[in-house]
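Below: a set of structures, written as structure tokens.
In the two assemblies presented below, subunit A is common to both, partnered first by subunit B and then by subunit C.
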Partner chain A sequence: METLKIYLLLALTSVRARMEYKGTFFVFLFAIVFFYFAQLGVLIVVIARFKEIHGWTMGEMAFLYGLLTFSQGFTTLFFNALINFDQLLIKGEFDRALVRPLSPLGQVVFSRFEASTIAHFVIGAAALYYGAKLSGIVWTPQKALFLPLVIIGGVLIQGAVRMFVTAVAFWTLRNSSLVHTVVFSSKEFIVYPVSIYRWGVQFFLTFLFPVAFINFYPAQYFLQKSGENLFHPALQVLTPAVGLVLFALSLLAWKTGINHYQSAGS
Partner chain B sequence: MGTIEYAIEAHHLKKQFTVSESGKGLWGSVKALFSAKTRIVDAVNGVSFAIRPGEFVGYVGENGAGKSTTIKMLTGILVPSSGTARVNGVVPYEDRKKNGMNIGVVFGQRTQLWWDLPVRETYEMLRVIYRVPKNGFDETMKKLSAALDLGPLMEMPVRKLSLGQRMRCDIAASLVHRPGVLFLDEPTIGLDVLAKENIRTFLKDLNKTDGTTIILTTHDMNDIEQLCRRLIILDKGIVIYDGATEDLKQRFVHDKLIEVEFHEPPDGLALVPELLVVRESGTKKWLKFQNGNSGIAAAIGKLASMYPVKDLSVREPSVESIIRAIYEKTVLLPEHKDAP
Partner chain C sequence: MTAAMFLKFASVSFQRQIAYRFDYFVAVLNGFLYVFIFTSVWRVVFTKAGGEHGGFTTESIVTYAVIAMVIRISFSMDDTALPGKVRDGSVAVDLIRPMPFHAMNLAEAMGYSAFHFIARGIPILAVSALLFPVRIPADHLPLALVSLALAYLILFMLNFAVGLLAFWYIEIFPFMLLKYGLLNLLSGGIVPMDFFPAAVRPFLAFLPFQHIFYTPASIIIGHANGALAIEMVAEQAAWVAVMGAVCALAWRAGQNKLVIQGG
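Our next item is the complex of A and B:
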């Protein structure tokens, strides 16, 4: 409990420190909103033109997009500091986190808390709401309870992906290109239902780089799209479990990485 | 604490770094990506020492001798390749959180203050991070603020501090939780004479009144002469001297240099047999005392009675000149026995 309070203070301080540069903060916020509205806009235009993509209607696609963007909001909120983590290593600033009586990962994460991610929540929530409404999801107690679990699972999966690629920096020092490829480009795949891809890509996004669990499989469950089971229907409810396992593994990778840390210069 | 015999223990500490050999230019770096050509560098190659609570130890060596690497292992930043370290009985790189509570660390090259916040808020953050009770904290801060003259800096954002001001604030930041052991990695680097002097006075007092164990790396031998009763010299990852700073000076005391100015230049070079002329210029001669049967005072007396001496001064070798001589291998130290 005490520890939680310390992290909360770290987070608040980082937000305040960033607010020192108010201009940057608002420009950044504006950039995020603009980017996601643009992305959503393209999606809507595409669907409006073709009516549906591989059997997914406008509402269903919006729901798929909402799951991704909403969980991405939490991911950005908590794990954004990891994106530029190699800079902390290169400048040797990570040393500081290792000599303090707090978890080094916790310090990194909460020392660059990203408040401007609020844009993700707004867009994600809107997409979820209209998606559910348009596609006429029948809400049962199970589904209502499962939704937050899916969001948490999605956050854990995305967080784990970021942790894995940042842990690589303990060995290679520089990893920004890897981070940008893996974290940002990979997301573009799952804006669309995974079922539109060839078998190889489906397999990759399910078992090797399981980002399909962030939105595609749980969306099938919520939308009861039984017509197109990929691999096995049980995958539709596995998101929280996949999230937990991946996150645990990524923590392990980080712990191993820290002990390989070589620090910088003198 | 209390019953712990040693505040800091290093036992056969080794640290190897793997350095990849990259060739010249773009093609070189591309090739380095795919070839497994790596070189192993022994940054620290079997270092042992033990420091008792309350000691003030200077840890010196040339650039690349392994000073910072040792400090990083002792503070839990790096995991040794082999050997063990203990600080206050805790293995620092295995139990970082517990170790963090016991130690204070200052890196002269980087700050641990929050760049965009006023200084006061950094201390408030550290109070929370180290779980220092409010009343104890207020008392500590009052003392630190008075001793390091932090009053006028408290409301300034860290990014606006000068190097000297920042260093004072950084030292205070490392002491908010009153650690028993303080690691200082080049705390006086880049500071002017006055700022250095202020920091030395503060550290001396901290060591004396609070009994804080301090280990200090520096390139400034004045730091060592004024602060450290004990000196550990490192060369190429190995300890080559570990003993009292005073002993090191004693060992080279026969290197005392005597500068004599005569009313008129004496003819004949020999003068007094115990004093060897090393240089002369006009009416001045520089003499080196050679161990004779009588002491240096007797030799000077003899000289003054035989020749018209106008002025005379005796210069002791500085720790700096001794250590430079050691680095340059113009003097050799007896084989160093490993500490416990």
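Our next item is the complex of A and C:
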């Protein structure tokens, strides 16, 4: 309980630090929302023109995008500090976290609040809402209960991916370009339904780098899309399990990394 | 200001890029990733549309996606350098150099871009040509080169103008985000202008963005040819003149605003 209080205090401090320049904060927020709307605009132009992408209509694509972006909101809320983790190592600031009587990972995670979190929630929620409405999802109790589980699973998968690539920094120190490619660019893959890619890429995004579980497989379940089952229909409900397993593995990778870590010595 | 000085600045900027080898390999991978995603999307929607749509065939839209991406990569510039110099005051050193500030910036941008063209653009083009049906007709080449040069100047001046905002604002990252958003959506780097709704297109014609990637890419692949292509290049030239004037005015106003602390 006491530990939790300390974490909350750390998180609140970082929010306060962010809000110090309120004008800048809101301009920043506006710019981020604009940036994501422009990204969404690309998708909208293509679908408006071609009516659908591989059988996925505007509403279904919006739902797919919403699942990704909404869970990304929680991911940036919890795991954002990991993006620049290599800088903490290079500057030796991580050593401070190591000598405190708190989990080093916890300290890193709660040390940075990011304004883009809010943008993700706003856009993700809007896309989920309109996507569900446009595509006429029939909500059953099972579906309503499964939605939060899918979001949690998606957050765990994205968090695990961040943990894995940042753990690499314990060995290589500088690894920001790797982090950016794996975390941000790979996301582009799943803006579109995974079924549009070749078999090898589908396999890769399902079993080796399983980001397809963040949105593609659960969206099939919610939208009851039959006729394009990749591999096995059971995959549609596996998101929470995949999230848990992957996250446990990534914690293990972090532990191994910390044990290997020798300070940059500055 | 001599050609030799210009080349020196360009080559130093080029060499600076070579230092980050790991970043380089990841960046090449990154470029492939985007080419792969967009060609997959076009292949799927064009197959559904019967192999032809809006003046493109499946083959020509895939070529467009590859060419537009290679141009985007080859036009890489360090758009944080200029605002960084203004913020930390090192712009003062540049002001007393015996070389016009904009020429020096252009030289550095070109050195940077040359590296990305050779090290990333060409390999991505070569591998894409092996994997996808990329067809580039040679008869448009002279006009395409003119269009590419003008497009480069437009993007350079856009970056320059946005960078100059650092004279007035301490934090210009929000402006950068707006710029990236507009470039992603309206420059034709991802979606060619032909696919935008007819109601929106006249408005896009009043903006410089489509002349950065759409115009050169569609001339290269022969999507725009004849009188239309020449007209588009003329529009590019007009935009170069307009933006040149904007940059010159902003630069003069910025210098008056500039206060360098300490010494």
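We take it that the second predicted complex is superposed on the first by the 257 of 266 C-alpha atoms of A that agree within 3 Å, B and C clash if a C-alpha of one lies under 4 Å from a C-alpha of the other, contacts with A are read in each partner's own complex, and residues count from 1 in each chain.
Operating definition for what follows: a residue touches a chain if its C-beta (ideal position, glycine included) is under 8 Å from a C-beta of that chain, and two chains touch if they have at least 3 such contacts.
These numbers come from a predicted model, not from an experiment.
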Review point. Should A:A17 be classified as contacting the first partner (subunit B), the second (subunit C), both, or neither?
Key: first
Check your understanding: After superposition on the shared chain, which partner residues are touched by A:N80: those of subunit B (first), subunit C (second), both, or neither?
Key -> neither
Practice item. Could you look at A:R96 and tell me whether it touches subunit B, subunit C, both or neither (first, second, both, neither)? Key: first
Check your understanding: Between subunit B (first) and subunit C (second), which, if any, makes contact with A:Q262: first, second, both or neither?
Key -> first
**Study point:** Touched partner set for A:P104, first subunit B, second subunit C, both or neither
**Key:** first
Practice item. Could you say whether A:I6 touches subunit B, subunit C, both of them, or neither, answering first, second, both or neither? Key: first
Point to revise | Between subunit B and subunit C, more extensive residue contact with subunit A | key: C
Study note, to complete from the structure: The shared contact residues of subunit A with subunit B and subunit C are 21
Practice item. Spell out the residues on subunit A that touch subunit C in their complex, using ranges where they run on. Key: 21, 24, 27-28, 30-32, 34-39, 41-42, 45-46, 48-50, 52-54, 172, 174-175, 177-178, 181, 185-186, 188-189, 192, 196-198, 201
**Study point:** Complex contacts: residues of subunit C adjacent to subunit A
**Key:** 20, 22-23, 26-27, 29-30, 33-34, 36-37, 40-41, 43-45, 48-49, 53-54, 171, 173-175, 177-178, 180-182, 184-185, 190-191, 195-197
**Study point:** For the subunit A and subunit B complex, residues of the former touching the latter
**Key:** 2, 5-6, 9-10, 13, 16-18, 20-21, 91-93, 95-96, 98-104, 259-263, 265-266
Practice item. In the complex, go through subunit B and note every residue touching subunit A. Key: 17, 63, 67-68, 72, 75-79, 93, 96-101, 103, 105, 107, 109-110, 112, 114-117, 121, 125, 128-131, 157, 185-186
